[in-house]
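The structure is given below, and queries will be raised subsequently.
Naming follows writing order (A, B, C and D), and every chain is counted from residue 1.
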Amino acid sequence: MEDNNKPKVSLISKPANMLKTVYTACRTCYSADYPINIYNSTDDTEKMLKLVERVISSGHYSTIEHIQVSFAISNVSRACTHQLVRHRHMSFSQKSQRYVKEKGQFDYLIPPTIDKDPVLKQKFIDFMGEISNKYQEFVEAGIPAEDARAVLPNATATSMVASLNLRELIHLANLRLCSRAQFEIRMLVKGMCDALVTEEPWLKPYLVAKCDRYGYCDEDKSCGRKPKLEELVKS
Amino acid sequence: MEDNNKPKVSLISKPANMLKTVYTACRTCYSADYPINIYNSTDDTEKMLKLVERVISSGHYSTIEHIQVSFAISNVSRACTHQLVRHRHMSFSQKSQRYVKEKGQFDYLIPPTIDKDPVLKQKFIDFMGEISNKYQEFVEAGIPAEDARAVLPNATATSMVASLNLRELIHLANLRLCSRAQFEIRMLVKGMCDALVTEEPWLKPYLVAKCDRYGYCDEDKSCGRKPKLEELVKS
Amino acid sequence: MEDNNKPKVSLISKPANMLKTVYTACRTCYSADYPINIYNSTDDTEKMLKLVERVISSGHYSTIEHIQVSFAISNVSRACTHQLVRHRHMSFSQKSQRYVKEKGQFDYLIPPTIDKDPVLKQKFIDFMGEISNKYQEFVEAGIPAEDARAVLPNATATSMVASLNLRELIHLANLRLCSRAQFEIRMLVKGMCDALVTEEPWLKPYLVAKCDRYGYCDEDKSCGRKPKLEELVKS
Amino acid sequence: MEDNNKPKVSLISKPANMLKTVYTACRTCYSADYPINIYNSTDDTEKMLKLVERVISSGHYSTIEHIQVSFAISNVSRACTHQLVRHRHMSFSQKSQRYVKEKGQFDYLIPPTIDKDPVLKQKFIDFMGEISNKYQEFVEAGIPAEDARAVLPNATATSMVASLNLRELIHLANLRLCSRAQFEIRMLVKGMCDALVTEEPWLKPYLVAKCDRYGYCDEDKSCGRKPKLEELVKS
């Protein structure tokens, strides 16, 4: 059974030759050969992977900007997308609440702490119904969608196409898979990473929380799972 | 009497020598002289203005990126900030609904078409009260603010510090002062432009809707105030 | 016979479904349907093209950011790449003069006004030989490549992998295909556009000089081929 | 005596109230109070510093983007500016070699390994003279500056106005003060940092090489002064 209370993510676009393009970019910096020759002369996946991994580990992230991927995202709350669109190296096309009128009950996401308590959950669902009625009242009174939406809650579901390059995706994963990130955006970003890793498994080690990548935590209020950098440096 | 149903904007930071810095940048491109000498040798406002205006008119906008200004913004709806933060060349620090709990009735903005109808307005105000009660119910039941906020509406007021350079401010004004932009963001951007123009009046001609700057309209659904470019070119 | 005095450009990476991805992004903004359903339900090229063209014409360029393309570029001068890398929405991986030592005569580009005059051309070629000798002298004296390169000229050929999204490519074409742009970067950008148009012919109308797109010229020193906007607006 | 073989840097523009603006931005995220009230109610430098330092240390760098500073830079080589302009979050206005003709001997920078060897240094100076003569020959033959410059070397001095926000300046310092960065760009960035620290000493701890900030080195070829992160994590 599908879980209707979580974001839905599909990878809809990526170049066919991701690793080869990144490998060509890495080699171009240090080679007298033409990039097109580098590109055409290589098909040894293991060799390509070895170089690319060394380059990413050294922090030379510009080489992985050459690859961009696109996701179709739906059933994600407006609270969550207000967070997501703060990532300014991403491109977004989002369902407009100004131009798309809600017909009948709008879709929404139930926050986890409310979802797990049957009484609060029912109270939440009922209230979403009340908001929907109020929205329709305003629409029927002739208020345009762009103004009636003022009553719609943060929980309202929205959709978007979102694109970003590998450098930004790794950055996004490192930040938003942290247990301090809000639950919904963690699920969303996990969905994005999982969809890509299915097709490009070599990316898995980078698409993790920052503490899992670096071995330490730099959050002011750490969850304690990993040591702080100060502790490592002092030891 | 102050209007409580519109965004409040204050200019809190700008460099003292805006025009001189931009002028130095413009001259540096075409001069054999050192920029610091250009900077130190000029105080003729009229001469500086004349060059800067010519450069901006030619579309060489990179020269005005050197100036950044910061605004303190409050009493603006979350619907409006979700639009504003889509401007990716801006910097934002926004009041967090995760970490700042609403105490008592939250502030909100009433959309203009509702505000002008006394019956609908009262209905709107009453419903904001109901939402506030529901939010407090969830908070009192132990739900953390970051999840209780799921019921808060698009109308909820928020605050931010927003910074942007002159190139982006002109772009923002050109787009968002258009009559096709939503009412609230037009008021907000007008507030930003007015606050800056008070101190730097030479910027006034650029901080207008795109049609007022270029003399034509490129919107798919034009308001008709200005001709479409096709009409001008054909004539 | 191949012309060795011009940039070489190959398109090495693009997503297979460019138009469909852009179409899905455009539709997502105005549809109640999920983006993945929009994506899966459309294969009518003509219908997709019609919408995409209308959206681009209205200036809603964010929808075409979802597509990024990568080019392998070689035989382009360092003077030209110093211009190109000023486009800050692009990603670059460039051959390093610090780490890649020139062995024997370095490759170079001959500027057009010199190339067409046999006497000046020979003088230029001879001087490139002298510079090469001087570079090798410094290298043989133990000077590292990163310092010996101080004598290498702007004409020195370099290579890079360059990636950019469609919005930036259209912007790049509009600016750099203008007759006021330097000859070499015009050839380079033309090479990029031609390589893409071969595979995606629907992009051709956008990948032109700005005056060809808009029907007017905004350059301070116009070539006169198109009227200035002021002339159109006044008429 | 002034050293003529190094970049000259002057801070020409910064907002007067840097710390207060950053403090207001930090507080806005976690406060129910209006940003303008936060701004107006604080003048306790120590209190402001304490918060700002905690926020920067936690990696919440967006709060320091609100401050942008501008530098007048001269006597820096074109090799160095080709590196510098790769920082895409900066704004640049650079002396054009297309439009500014070199009259007489062009200025240039002598690389350090050549500068310290009197014989090589003289050879370098002489060759700069030969290049200058060749440039003038082409100019006198009617070749426009934009093409004659093809013979000008990487060592040629240039000028620019460069602006960047504090987040990017810290990033720039962390990368380019590393001993693996090229000598000239290290001097240039050090000049920028020194100029700012003179007026805003609280920024000093951040404007250092990345290893000095984090206590470990992530370079593939480390200078060995600091341990690698792997060593710290394993211990």
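The criterion applied here is as follows: contacts are C-beta pairs under 8 Å (C-beta built on N, C-alpha and C of every residue); 3 or more make two chains touch, one makes a residue touch a chain.
Note that the coordinates shown come from a computational prediction; the quantities given were computed from them, not determined experimentally.
**Student:** Name, by label, each chain that touches both members of the pair subunit C and subunit D.
**Tutor:** Common contact partners of subunit C and subunit D, which must touch each of the two, are A, B.
**Student:** Between B-C and B-D, which chain pair shares more contacting C-beta pairs?
**Tutor:** More contacting C-beta pairs are found at B-D.
**Student:** What is the distance in Å between the mean C-alpha positions of subunit B and subunit D?
**Tutor:** Using C-alpha averages as centres, the distance is 30 Å.
**Student:** Give me the residue numbers in subunit D that touch at least two other chains, ranges are fine.
**Tutor:** Only 92 qualify.
**Student:** Edges wherever two chains touch, nodes for the chains themselves; is that graph a line, a ring, a star, complete, or other here?
**Tutor:** Shape = complete; every chain linked to every other.
**Student:** Within their complex, state which residues of subunit B touch subunit C.
**Tutor:** 54, 57-59, 214-216, 218-220, 229, 232-233, 235
**Student:** Of all residues in subunit B, which touch subunit A in the complex?
**Tutor:** 77-79, 81-82, 85-86, 88-89, 92, 97-98, 108-114, 117, 120, 123-124, 127, 130-131, 134, 137-138, 141-144, 146-155, 182
**Student:** Which of the residues in subunit B end up touching subunit D in this complex?
**Tutor:** These residues of subunit B touch subunit D: 8, 10, 12-18, 21, 24-26, 28-32, 34-36, 39, 62-63, 65-68, 70, 72-75, 91-96, 99-100, 103, 159-161, 163, 165.
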